[in-house]
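Presented below are the structures under discussion, each in the form of structure tokens.
What follows is a pair of complexes built around subunit A, which joins subunit B in one and subunit C in the other.
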Partner chain A sequence: MSVLPQDIEKIINSSYEHGFVTDIDADTVPAGLDEAVIRLISSKKQEPQWMLDYRLKAFAHWQTLTGPVWAHLNIAPIDYQAISYYSAPKSKADGPKSLDEIDPQLLETYKKLGIPLEEQKALAGIAVDAVFDSVSVATTFRTKLHEAGVIFCSMSEAIREYPELVQQHLGSVVPYKDNFFACLNAAVFTDGTFVYIPEGVRCPMELSTYFRINEAKTGQFERTLIVAEKGSYVSYLEGCTAPMRDENQLHAAVVELIAMEDAQIKYSTVQNWYPGDTHGRGGIYNFVTKRGDCRGDRSRISWTQVETGSAITWKYPSCILRGNDSTGEFYSVAVTRGKQQADTGTKMIHLGRNTKSTIVSKGISAGEGQNTYRGLVRMSPRAENARNHTQCDSLLIGDQCGAHTFPYIEVRNPSADVEHEATTSKISEDQLFYCRQRGLSEEDAVSMIVNGFCKEVFNQLPMEFAVEAQKLLSVTLEGAVG
Partner chain B sequence: MNMSETGRQWLHNLITQGQILPDQQLDWLDQNRQAAWQQMQSFELPDRKQEAWRYTSIDRLIKYNFLHTSELSEILPGTEIGEWILPDNSSYRLVFINGHCVPRLCNIQGLPRNVAIGCLRASMSTDGEVIRHYLSNPLFKQSSSTARDLFAALNTAYMDDGLFVHIPKNAALDRPIEVLHLNLAMDNELLILPRHLVVIDEGASATLIERYVSQGNHAYFSNNACDIFVNGNARLSHYRIQDESAQSHHLGRVNILQGADSNYKGVYLALGGSWSRCDIDARFSGKGAHCDIIGLYTVNAKQLTDFHLNVLHNHAHCSSRENFRGIIAGSGRAVFDGRIVVEKHAQKTDAQLTNKNLLLSLDAEVDTKPQLEIYADDVKCSHGTTVGQIDPKQVFYIRSRGIDEAMAKKMLCLGFAGEIFDQLDLPEVRSFVEQRVQNNLFAPQGQDVH
Partner chain C sequence: MLQITDLHAAIDNKPILLGLNLTVNAGEVHAIMGPNASGKSTLSHVLAGKDGYEVTQGSIVYKGQNLLELPTEERARQGIFLAMQYPVELPGVNNMVFLRESLNAIRRARGESDIDAVAFLRLVKEKARLVHLDEKLLKRSVNTGFSGGEKKRNEILQMALLEPALAILDETDSGLDIDALRVVAEGVNALRSPQRAMIVVTHYQRLLDYIEPDYVHVLANGKIIRSGTKQLARELEEKGYGWITGGAAA
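Let's turn to the complex of A and B:
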């Protein structure tokens, strides 16, 4: 099986589509991290005292920690003092109330990214809380959501306007002591998204946030908190792109989901950050802590992710199945090519009775990519009749890549049923031959086979996202077959 | 003193107990020992922060002051081995007591010429070159080396006696080699450090049955290592049955190096011991080899049983199968860590790993971690693992046929283990293993099966 060498060359050398930098005068603090920087961030955001105390506590703890080394990743040492921890577009100063007030240059950026806000309003009923660097600058459909009682706003706004809700829930799923990157995030997070769905409300539309790292050398420390009260439902979409840069940009986000009794949260991600150039230079370091807490009985949290970007991905969306009969799901497609590395997977911690979890992980490695699934399934002694099914499949394209599987299974209850299966294979000559014989080009055939391989996961994505994800996958893998 | 201080003290005692290394007047041997001795000083005590010891705490070992002795003075003259050995003359038999060969109990009559079966200590003078050649094989050193951890270094530093098997080119051994490792637990807490070497030359074949058993109820720690070379086109069937007393601590390391087109079949059974761990490391030195490792562990009462498997596919066209099953009752804990690594150039590798566990009681625990690490694209690799319980419907079915509940569960457990039993090609071995599993699972302390 071969594609013409010049095609591969062309595609390999084609630059990152979304690689551009918008020239905006950003309000950036000098590089470095100490207490003063944290106080500055806090005061710039006009935060209450408790928030500042929380940050300082986290920072004090962070100084005692060292970065994790257990992942199957090759990470160049990160100089945390060389990063600027705050950057906000200046034009935001007074807080825009409508699109007219937004810096036209910003709007232009979004257009290039394919999310024109004007059209978004009319389109598909999606409310967009667009995050440009670290401060959210525009929020749409606020009114409609407001009528339903749903709170959908930036984290800094939430801290000011709904302090009691934030204080109650922030850090309750991912405490600042959780891990190195979560701790750093707790100390320096600049903005993020806050979603609150009141009891019995079914969120009237899919919520979506587009993240974009723009300012060079600015670490992005997003903090997302979603609280779904009793009997509510919300589906949240997260997608990201980042402009081309030559230095590694650090992204250490924290996402916390809380599902009360009978609540359901569906969290979908399409991640397409800059993966670095052909020599592996540049590219985003994506070290994210995502965790959902099924706090109430019969609650349900589902993570769906399509990871195609980033130089390094270190990400384990997890579910704590605390409530009885709660359900956790994890569907993932992770693609690595070029020199990308991904160490991703999930944790399913079964605490309650009759809890169920499903893990479907599809890893695709091409070029010199290294793709690792790392997952933990823990059945605690109280988790009677708990059930887990895990399936991890890896697809290898090319002989320079690697696919690895490291599942951890800990069972302390005899009534628990745990199944894990993993396979690793490549696209077989037979499959390709069959498709080509039917008149498909090699590229199309591979794209079709790969999409079939990932179908189980794509089926979980909301429709618009599924289309985008499929396209993304084909684009990503173009020319990867040789 | 807290645990870490106790641990440090324990480690200090272990490496400075000042035993004089037995003088064999072999420079290379002394150099190896000295090097291991030096390395040992630099190792930290394994703790649960280290990935290889994540689920296996050595706290139980630290409670004892194990002492190494190179002398074999107190062996009771009337030691009976009858209950552990195969019927007369069906095998070549070697008996080791506390790591030392006891010629009185051995039987190697009728051994073909050129075949060497004996104890390592005596063979140093007769087969010194062979032993030297294999123990300093650079390819092999990476895995078996002392460099790996404290306990491997400890074994090498005291390397003195153990099993030595050398089957010459194209020889097919007519009878199995039966090796009984009997540990007599005497008053002091013994540290036993046997070192075994098995070499099957090109085109030769043999069957080796190893049993680790114990007498007496005192604590001891057997830290043994076994290096196995199955050269090109050779074949080895290896049964390793660990069935020691409830006070025993057992750390076994088996390192296998297979030549081109060779075949190794290993059957590993862990049935007893308070704390037992076995690390199996297999790698290849040529194409087309097949490695088949199956295992069964039954864990009861407060036992801890740990298997660490590491199969490195470093040559193309090799295949491997690992199939381990475990039955965990009482407040037992089983740990399984199976790893398959396929290197870049090892195309056409075919590797499969299966681990199935049956939990019988509320306090039982299993931690399993099957891993695949693959750097080549034209491979077929898979692993599967399950943890479950006895299906109540199956119990109901059997009960509805007039069989009581305890019996029904017993039948189902034995059925679960049956897949492993079926792989035991020697009927004598199969019958005693089956018997032993039955007794082990349904001993009085195992009654909390529900």
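Let's turn to the complex of A and C:
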């Protein structure tokens, strides 16, 4: 018929905005994975023995595993020996002390991404720990956070400077044996972010990390650990982009959150990795394990994600509701277009009494995109009066895309209350006609309808991020209409 | 303002309009009546530029330009407004936001600046009173969960807000009870002006008791087969369409 096939054409043909490559000398380990590579990574990062031992244990276990095949994804076989597991910008060897010492090209890259690295921009209230490939190169606002007692640093630094905290918590939410990709990450992770909020502290600013995969053929395996002690609060923002590359790049991150009694962690992600070209060549394979542990009573963990990039997304930010009266939330917008595939959702594991969880998932498929929601709600025998509400909506643009929903519900306590609502809708030609008849362009009409569809999730994002997410969505669906 | 000459239009290769002629001047209200499947909605949709219709012959000149060359949104921006028979729902799209975006798109086309928030709020409330639309509906998603009457009133509200040069009301009376009909008609009458033309498409004469047309046209088998004054509508009501079409009454 009329507009929609062209729309899809346009979506497919619109190019990736962040597809520039930064030309800097990098210190890259040759491709391949064996014990020697792991020892090399560990020694380059001057890690203590226990860390190396942990990596080696994980590697030994990983060799016994095979990749998961249950996801609704069509993945070409991955050659793990063809990937380089370590890449660091060379200038890091001397250790930059301030922004002036940082490779100007690197700063230029960040500027293109719109990261507020300059101090005056950071004054807006965002402290940034920028991860460029594998090494954290700049950290702002450390001092102010330090005064509040908050630790916000790269994982490598944390391992060196706060070994007891890291040793105590690392792997306590996502053990290395958890799954194939988490296990690989435990063996080869190169950097990431560590956040520690002491008892009773409300983190004075939004913490933010931008990840960016730059080096060709490098996997990025970052590791994030956030610990919120009793009665503390932190909001953490994570944004991701990657330059354009022909070959697929692997991204297998692990994020662990720990919330003690009355603590609250809000974790927001805007993911815009390179999705591959029109033929499905290239693009990021995003296999991420994210899990939060509501360890203490009345603790609360919220995941909010806006996923517009990656060739393949395999990601289930989850909550273990261990503490009584604890709350887990998952708000998600996932967009697939072109040949993108996403299999994403959450797990809410209710262990404690009066635990509550909310799941709001919005999947948008355009072009030949495939979008799958996969979620588990488990009410364990001692989860008295546990409650869950799940809402799962899919929006289709065009007639070659797909939306799939796989909700798993396990209830082992009769007092539990579980609700599941799901809808599937399509942007209809009648809707577009209606909007255009009122003077709106097709593009504005689609953007308005899509933003309306995602509103519940965007409302959960911190203000600046919500605006960014809306813009990103418009850019993603740009050319969706003539 | 509008000259339709020998208009032939088809949908899915099926000819619907077969040589329709109509001239509408500023300040006039024309009623188009006709039995089911006579092409009434096709005419409305072709004027508004809905996709899927193919004009195979004839011309439409609007304000001196070839209307058929303009995309839908451009026609809207130049003052053509269609009050739909079945207004669609836009879940999640706030009615106020929709109204403001729409008004601004049209203001920009007129070379005016965007309306400021306070002025817009005042304006929309004033217009909502005109059509007795509950203000609560302004805060809801566009048409979502609205009753039939509320949807139609929302259409007239948009018309009042956008101040079109040519308003087309496509079976606005369908699905309305007599009270709702009166409210909608009052709203429409308030918008009558020497600068504005209206085309009221309807199956029944009932609506014309409230909106008095200057001209009445009977559309059957894709052509206007009779034109007259409102007296024609009365006769139609009494005698049925079979009286003119010669065939079975619709």
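Note that the second predicted complex is superposed on the first by the 457 of 482 C-alpha atoms of A that agree within 3 Å, B and C clash if a C-alpha of one lies under 4 Å from a C-alpha of the other, contacts with A are read in each partner's own complex, and residues count from 1 in each chain.
The definition used in the following text is that contacts are C-beta pairs under 8 Å (C-beta built on N, C-alpha and C of every residue); 3 or more make two chains touch, one makes a residue touch a chain.
From a predicted model like this one, the values you see are computed outputs, not experimental measurements.
By the touch criterion defined above, A:430 lies against subunit C but remains apart from subunit B after alignment on the C-alpha atoms of chain A. Legend: residue contacts after superposition of the two complexes on their common chain; A:353 is shown touching neither subunit B nor subunit C.
Contact with neither subunit B nor subunit C is seen for A:387 once the two complexes are overlaid on the shared chain.
Between subunit B and subunit C, B contacts the larger number of subunit A residues. After overlaying the two complexes on the shared chain, residue contacts for A:419 are found with subunit B alone; subunit C is out of touch. Of the two partner chains, neither subunit B nor subunit C is touched by A:315. In the overlay built on the shared chain, the residue A:440 is in contact with subunit C alone; subunit B does not reach it.
By the document's definition of touching, neither partner reaches A:45: not subunit B, not subunit C. In the superposed model, A:398 lies in contact with subunit B only, and not with subunit C.
Residues 425 of subunit A contact both subunit B in one complex and subunit C in the other.
Against subunit C, in their complex, subunit A makes its touches with residues 1-3, 425, 428-431, 433-442, 444, 448-449, 451-455. Per the touch definition, subunit A reaches subunit B in the complex via residues 70, 72, 379, 381, 394, 396-426. Against subunit A, in their complex, subunit C makes its touches with residues 48-52, 71-73, 76-77, 81-82, 84, 86-88, 90-94, 97-98, 101-102, 105-106, 109, 141, 158, 162.
Here subunit B touches subunit A in the complex through residues 51, 55, 344, 347, 357, 359-389, going by the rule given at the top.
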